[in-house]
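Starting off with a structure, shown below.
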Amino acid sequence: MIIQLSKHITADQRDQLIAAITKLGYKANGVTTQVANYIVAIGKKEFDIRTLGNLPGIEDIHRVSDDYKLVSNKWKVNRTVIDLGDGVRIGDGSLAIMAGPCSIENEKQIQDTIDHLKQNGVRIMRGGVFKPRSSPYAFRGLGIEGLKLWYSLAKQSGIKIVTEVMQVSQIAEMVDYVDVFQVGARNTQNFNLLDELGKVDKPVMIKRGISGTIEELLYSAEYVFSAGNEKLMLCERGIRTYERASRNTFDINAIPILKEKTHLPVIADPSHGIGIREFVEPVALAAAVAGADGVIYETHQKPEEAFSDGQQTLDFAESARLINKLNKIQQLSFGN
Amino acid sequence: MIIQLSKHITADQRDQLIAAITKLGYKANGVTTQVANYIVAIGKKEFDIRTLGNLPGIEDIHRVSDDYKLVSNKWKVNRTVIDLGDGVRIGDGSLAIMAGPCSIENEKQIQDTIDHLKQNGVRIMRGGVFKPRSSPYAFRGLGIEGLKLWYSLAKQSGIKIVTEVMQVSQIAEMVDYVDVFQVGARNTQNFNLLDELGKVDKPVMIKRGISGTIEELLYSAEYVFSAGNEKLMLCERGIRTYERASRNTFDINAIPILKEKTHLPVIADPSHGIGIREFVEPVALAAAVAGADGVIYETHQKPEEAFSDGQQTLDFAESARLINKLNKIQQLSFGN
Amino acid sequence: MIIQLSKHITADQRDQLIAAITKLGYKANGVTTQVANYIVAIGKKEFDIRTLGNLPGIEDIHRVSDDYKLVSNKWKVNRTVIDLGDGVRIGDGSLAIMAGPCSIENEKQIQDTIDHLKQNGVRIMRGGVFKPRSSPYAFRGLGIEGLKLWYSLAKQSGIKIVTEVMQVSQIAEMVDYVDVFQVGARNTQNFNLLDELGKVDKPVMIKRGISGTIEELLYSAEYVFSAGNEKLMLCERGIRTYERASRNTFDINAIPILKEKTHLPVIADPSHGIGIREFVEPVALAAAVAGADGVIYETHQKPEEAFSDGQQTLDFAESARLINKLNKIQQLSFGN
Amino acid sequence: MIIQLSKHITADQRDQLIAAITKLGYKANGVTTQVANYIVAIGKKEFDIRTLGNLPGIEDIHRVSDDYKLVSNKWKVNRTVIDLGDGVRIGDGSLAIMAGPCSIENEKQIQDTIDHLKQNGVRIMRGGVFKPRSSPYAFRGLGIEGLKLWYSLAKQSGIKIVTEVMQVSQIAEMVDYVDVFQVGARNTQNFNLLDELGKVDKPVMIKRGISGTIEELLYSAEYVFSAGNEKLMLCERGIRTYERASRNTFDINAIPILKEKTHLPVIADPSHGIGIREFVEPVALAAAVAGADGVIYETHQKPEEAFSDGQQTLDFAESARLINKLNKIQQLSFGN
């Protein structure tokens, strides 16, 4: 049960409400976000909702039968829209495109990518400065200095930054230089990280775990929301299956299922979803037509020289062709 | 290695050729299809292809490094097109739509479906008369009498029939009443059935196994082709994964991967691929935009009364809407 | 609901009983096996069991809430024991050992294997004469002549034969030469084959599907039992997962779960379960200690020269060592 | 390539060695652990090992073809033994038993468990004070105060503590109160956490990821070792598959495979591995007989009242019976 509190609720009224919830055998979890105040009440007994509804200080009460609550589609009137400023919005009905290299490498690479994006009307750039790598001996990213360099170049061009945060201690040093914090597939259930990202007023994109269920992804988002951050989106990036012909199995089913279960924007990552450069395009188009709010993919001036993930990275010509096709998909009117 | 034989090859020349192949340490498998004669030579040693190429009676020789040979994309100039007659073709660049109930139930249901298909310009009807069911106590289909009834109605309307064959002994009784034999997901590796279907001059659509790999699907097709039947297509219908939010995980990656690996048409089954009625449409559209040559889905006048699979079956209004959208996808020109 | 019929039930009494069942809204499935007559009643409504229990001709009535009925552990007093004759029994509390090559190759290989088994007190020999192979160009087995040769040698030595049957038409030609029909992992849901094996009075061992669930395996056994054959056992042989360090993932959990769900003997196949020769032994021991009624594994005089599966085949020294350890496991008394 | 450095190597000699490695086109990673100094050289070119071997300050050089190096079985003469003090050792050939509740709940529960363990000769107690939970509204553990309470009681009884650490900031506050840090299945690839645990002189047990591969588990251990901590063990706890009859699929294959690939002790967690109380015992016995160095399982005075995981938790009678059987397995001599 989600209880939206009135802005004018007094402390006494709030205490009274919590007492009433507790008396019903429910546990009251207070949630304060950038947008509103809620009490999420967890319990199982049936009761007459009017018992609470008549108390002062309440704006609205919603029964939500899902185990995740605040991210559920069952209570919110409008879908969540993420506003990155300067007219860049995700989840407003348009198709958001985010592109860039796997790893941020150097100034020239950043600038080349920015130029490519600008020429093609893309406003959000992806890239990693903290890289989770299976082997401790692999390249682990340029770190915070790389991010600052990237930020200075991106800001000049009006390009927004989405990049991965790997641990709690990085949040504070990164927060001024990112537009969207990305939680990677290996950290989807790093609950401490999610808790802390709930305390920040910056959008967060959570990738589905390497073999995470759709439900677990929603729970992970519930962590961030319940800790105070409503600016959330989810990302399908392929799951681990027995099939070896592709790096991962992009779960196209997850797109419409997530759109139905949650009010949060749903992004598709076809690069990791299939892991094979020549097939990134059809998977991206498929995700778009299936209802994704955005697509995030890897592109690099020279994929074969990329520090990481070159085998699934588009060159700029391929990227431009994909953007063009995505735009055509978006303009496709089914007239219903 | 695939050796296409000349139509004018003599028995002596053929013997000489086989002797030469055997001398190279290869095993020669003779293959005679509706279309041509081949020798598929299996072996590992490297040799100078001219050793064979100069022998009489050979039209062409192709090295095929894949373990499957005849179904590989590496030797055939043109993609396979399946012609069902009366202008109904699969794999010719258009998008083939096949729709109908899970199970054939009775005359009215058949006629209702045919009427629905005709109104929407669909030429191929799916339906099951032999139903593989997990439980021996479940409805197992109307059998051959159901097929004959269906055939008589379909023929009057110019509708083609695709239906599942479950065992070798059914082939002969079914062959005059079907346009496409479907091999179901539980029989993808029923090698005896595949062998026998190779001896028939009717198109065969092989569904991917419940947890079959893409490679295994290609091998299964190789069985049918090498036994003499080139009229083959493949069907992606979702795979078994850990995810429980959908019945299966539709492997969208398989569409472009199969298109690249084989010259055979690739069909998508979104009904089984996601297993949830309301989401069949986005998965169907996704498959179409990713390059599928056709879509096969379940529709029924009253899905809630269907003998089987009602939870993933579209009603006729939903079906008409899907057909309309699929047609729009098909008209979408990316101009490349 | 399973209704065991009295041996003395009259045709009239049986008709009366079926009428009563039908009136309750249940579907009555008559089942006649080598051992007894049953009616399996399928339906959902609750009713007072005495409505039926008082009718004449009934020996016992059992409510079975599982969807599979006859193979369920919930009604049978004693576990099923398979008697192969000459004192060879499976499921009687001892640990049955079945060993032999993947493929039957020639007379010498058969005799060598028989000698090895006899020296080590093993009474059942495995081997394939009809081989399901992914590629149509691979060795497909010696066929029925190979089986006859094997049978003549085995009979002389008192060795029992377990071998795979791939299709319905093979049953009749094989039946006189096998002691146990094996249904392979690719045929677990070949329902026509299961139906026909239900009509034979020879034991059947069903292998779990390549990615079959435990429940599907039980349903497959229900096919055979309900078609008339109670002489059944099940075999865990590893499932398909994402892990690539082993050929399959042996599902050790399935051993105790199957033993609890069904009264049928449960056999373990560690050779396919892990697929790596040096690790067959620990998996075999693990299955035995977890409660398996038997172990089936591959052994060959010279594994490196075996026609198939050499990489997971023990040589005779390794096989002798495993047998010795399995015997020690069996003698281990936990005293509870 | 792993280069073990002499204790007497001078700074100059070390610089010279690194220069020589770099000149060969390899990257030199210096590693200092509690036990020794190494240089791990990563590269691909072939070269004559004597080029380096003759330099001063080297104790030994090992080629290791695996991508993980320090945890590989290919260079270390002896298997790793973890000494927890007071005669409690893991990996020395005995079978280590670790048992206790899922969550630490209160003083009485701790003391009851300690009493149970002492009565049955178990020296290591498991329990969670920081609990990773899918839902943010679930019980998240007693935290550091719970750990301190537990420590004071355990110390009096000579019981060692293994408990999960969830994030970097917890290491310092926990380090004085734990004997083994456990890295949970959701943190197997939390590389920052692994790095930091490499700087601590306390044993670490890494659980396999929820759908982690065996290779990824070894890489995660490589992180800890290469950051300086050799006191490491690995834990198989079941993987995520399609099978729904058990919570996870315990990968029995992983036990012998890990034992062959690494010199680290391998522990089995049957509680999470199957997730069903009545079947924990057979899985535990199976793991022991397959070669595990230890077993960790959940036990509680009253499983039905446990704060978490009650459905897979043994009561003390079941626990005592399991310990008794594990001891018998351990005494089993195969005489080889």
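Labels for the chains are A, B, C and D, by order of writing; each one numbers its residues from 1.
In this section, a residue touches a chain if its C-beta (ideal position, glycine included) is under 8 Å from a C-beta of that chain, and two chains touch if they have at least 3 such contacts.
Everything numeric in this text was worked out from a predicted model, so none of it was measured.
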(Q) Count the C-beta contact pairs for A-C and for B-C, then tell me which is higher. (A) B-C
Q: With centres defined as the mean of C-alpha atoms, identify the chain lying farthest from subunit D.
A: B
Q) What is the distance, in whole Å, between the centres of subunit B and subunit C, each centre taken as the mean of its C-alpha atoms? A) 33
Q) Any idea how many Å lie between the Cα centroids of subunit C and subunit D? A) 39
Q: Could you put a whole-Å number on the gap between the CA centroids of subunit A and subunit C?
A: 49
Q. Where in subunit A do residues touch two or more other chains at once?
A. 211, 215, 240-242, 244
Q.
Which residues of subunit C touch subunit A once you look at their complex with the stated criterion?
A. 211, 240-242, 244
Q | Parts of subunit B lying in touch with subunit A, wherever the complex brings them together | A | 211, 213-215, 239, 241-246, 249-257, 260, 273-274, 276, 278-279, 282-283, 285-291, 321, 324-325, 328-329, 332, 334, 336
Q) Which residues of subunit C touch subunit B in the complex? A) 27, 29, 40, 42, 67-68, 132-137, 166-169, 186-187, 189-193, 195, 209-211, 215-216, 219, 222-223, 226-227, 240
